[in-house]
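Below: the structure, in structure tokens.
Per-chain residue numbering starts at 1, and chain names A, B, C and D are given in the order in which the chains are listed.
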Amino acid sequence: MIDSSISLELTDVGLSRGGRDLIAGLSLSLRGGQLALLMGPNGSGKTSLLRAIAGFAPTTQGRIVFSGGTAPDHTGDAGPTIAYLGHLDGLKKDLTVAENIQFINSLRGISRPVDELIAELGLALAAQRSVRQLSAGQKRRVALAYLSSSSSRLWLLDEPLTNLDRPGRELLGRWLDSHLAGGGIAIVATHRADELRRPGCLLLEL
Amino acid sequence: MSEFLAMGGHGSYVWTAYGITLAILLWNLWSAGAMLRRNLRRAARETAADEPARRPKVSQLEGE
Amino acid sequence: MKLPVWFHRFGSPPWVYGFAGACVPWLLICGVLAIAIGAYWGLAIAPTDAVQGEVYRIIYIHPQTAYIGMMAYTLMGIAAGIGFIWRIKLAHAVAVGAAPIGATFTFGALITGAIWGRPTWGTYWEWGDPRIMFELLLLFLFLGYLALRAAFDDRDKADRVSAILAVVGVVNVPIIHFSVDWWNSLHQTATVMQLDDPAMDPEMLVPFLIMVGGFTLLFYGLLFRRLQAGIVERESGARWLRELVEGAAS
Amino acid sequence: MPLQTFLLVLRRDLKVAFRRISEWSHPLLFFIAVSALFPLALSPERLAMTPGESELFGLQSLGIGVIWMGALLASLMGLDRLFLNDIEDGSLEQLMLGPAPLLSVVYGKLAAHWLVSALPLVILVPLVGLSYRLTPGATAMLALSLLIATPVLTVLVAIGAALTVNLRGATAIIGLLVLPLVSPALIFGARATVLALDAESAAGPLYFNASLAIVAVSLGPVAIAAALRAALE
């Protein structure tokens, strides 16, 4: 269902990196509940665009406006609205899985109990192990943890399926569906569009 | 003329100081111009306009 | 914060490039001329100083180079701040242009100050003179700025990060200046001759001021020339630059 | 919200620090080694308690200079990876997406680092002071003036670290950037200790260093946040 309370407007966005123009004249508008798949060869600017939308880097032209509505969410998680998952996992290797998830949850005001979340991620056995000892796939699951909460209204995922095994990809698929059903927006850069394809989603080829 | 050069015994100090300052002035005069010439040459080489950024293609999948 | 319209006209690279280009020859010629006259006047015509004898004639270059170094650093900090806050590439070009000039002049001030100290206090490195110590610290600030810039390969990032250093530096310069002066005032034995300008009678003052004027004109001439270089570097690929370069080539 | 983020980051960094003892204990051991063993570099007869005509400086005033320089070098060593770790593992990005401004994250990290490395430094000073036979009064003043000066050292070196965060050969550049900026704190800190050595009141320099610390702690992190944002662009 389209939830028009939140929207992401890209008007004539241009991006350059190291003096070279990557993207020019990109205009796009997404409503709540919509998914956009970002495709294109390596170095075509997928990551730069996601990072520009997340606010890490300014656009060389045009404007990006994300007007996030209040989070209509039963758990009352106000919290920050943007979730960005890049190639890095964003975890402290010396802390355990539980400590990392607890940290991010309290940072983003997510009130979901940690052990329940760890169980859903299928990491119950590794909960007290330090992240350093986990496999790449397991680290990826820990990094995904805070996507389970509906407080982030805008998802910016940069090739989230890498390193994930089949159950992991299915878990992410379920969370993506509930995120979209809950009226969130998602932009996903991926090389495996077929797995993430949803009816009515936008295809954005750079 | 020679006592002018001798500078009352301080000649070596005064002339070294002035010599160094002159050297710095000359280096600056030269290097400012050289920097501009170098950048202009580099700009001339890059006159072939960079390949224009591809305009992204936005399409919508069928279905609701 | 909305900037006044005329400020944006300053912001248009081709206009600034042309304006700077027009000023450079005048500034350099007048500057060099003034320095030549001032130097000749100071060395040959001005009377000998009663206390220091002939070595005082370094006064016609040491304070000037030190003043240019200080002015360059302050200008660098302000231009870098403007460039960082409003993302104006031109302001970064000004800051980057001022740095090498300031560094070389500060180095000159350091050397001429030390040379001046030798006959006056019998040592090239007189801890008692706060200004030489401050020149050295200012030189390190410049070298730090240049070293930081050199470590970047992406020029836009180099501009933004070195701008932060320039602003932090320019905020700290007064504090450093005060601390060094205070530290030296402790060390100061009453008899040590200050490097201040001995009570300058008019015959000494005129060449001194001519030299100050000459150095200032020269500094702005050099700065505008380097500003042009910075504009060309940052505007690569711009249409006006291509026309300029093709125009020059044909 | 910002205070909560500050405390969160502070607790997290302290937890990480206690898991990686080596990362912050090496600078402290280095400080002890450099300060205590420095006199080895001088031949014994040049080390009279009070400088005669042949001794250039007394043992005590040598000690004060060495300890101050040792403290500066130790903070240089401990801080260069302060932000690099968080950028390399991507956690700084996640913190920037958090509710609070980046400033409270920076304050959290600086506070954690200060507690873990600068404070022990101050506690170790009396130990090192012994090898220079500093009077108890001078040692106490040395510890106090270091305590007041370490925030300035930490903030300024952290600015250097943030500016050079992704650069090769960063540690060398940080030293060059920071030394001129740190000189006022060094001048007044050492001055306070020398005054205490002569059993005079060292209030003046201490007050000055205290005001320097306030300026550094309030303005410095703004520059650090700007530098980190520029590094992540």
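Just so it is clear, contacts are C-beta pairs under 8 Å (C-beta built on N, C-alpha and C of every residue); 3 or more make two chains touch, one makes a residue touch a chain.
No experiment lies behind these values; they were computed from the predicted model shown.
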{"item": "Identifier of the chain whose CA centre is least distant from the whole-structure CA centre", "value": "D"}
{"item": "Most distant chain from chain B by Cα centroid", "value": "A"}
{"item": "Euclidean distance of C-alpha centroids - chain A vs chain B, Å", "value": "45"}
{"item": "Length of the line joining the C-alpha centres of chain C and chain D, rounded to whole Å", "value": "32"}
{"item": "Whole-Å gap separating chain B and chain D, where each centre is the average of the chain's CA atoms", "value": "37"}
{"item": "Euclidean distance of C-alpha centroids - chain A vs chain D, Å", "value": "39"}
{"item": "Multi-partner residues of chain C (at least 2 other chains)", "value": "236-237"}
{"item": "Shared interface positions of chain A, touching two or more other chains", "value": "58"}
{"item": "Touching two or more other chains - residues of chain D", "value": "233"}
{"item": "Chains grouped in pairs wherever the two touch, ordered by label", "value": "A-B, A-C, A-D, B-C, C-D"}
{"item": "Contact footprint of chain A on chain B as seen in their complex", "value": "50, 52-64"}
{"item": "Residues of chain A defined as touching chain D within the complex", "value": "54-58, 79-80, 82-84, 86-95, 99, 103-104, 106-109, 130"}
{"item": "Complex contacts: residues of chain B adjacent to chain C", "value": "4, 7-11, 13-14, 16-18, 20-21, 24-25, 27-29, 31-33, 35-36, 38-40, 42-44, 46-47, 49-50"}
{"item": "Footprint of chain D on chain C - complex, ascending", "value": "84, 137-138, 140-141, 143-144, 147-148, 151-152, 157, 160-161, 164-165, 167-169, 171-172, 175-176, 178-180, 182-183, 186"}
{"item": "Of chain A, residues touching chain B in the complex", "value": "14, 16, 20-26, 28, 40, 44, 197-206"}
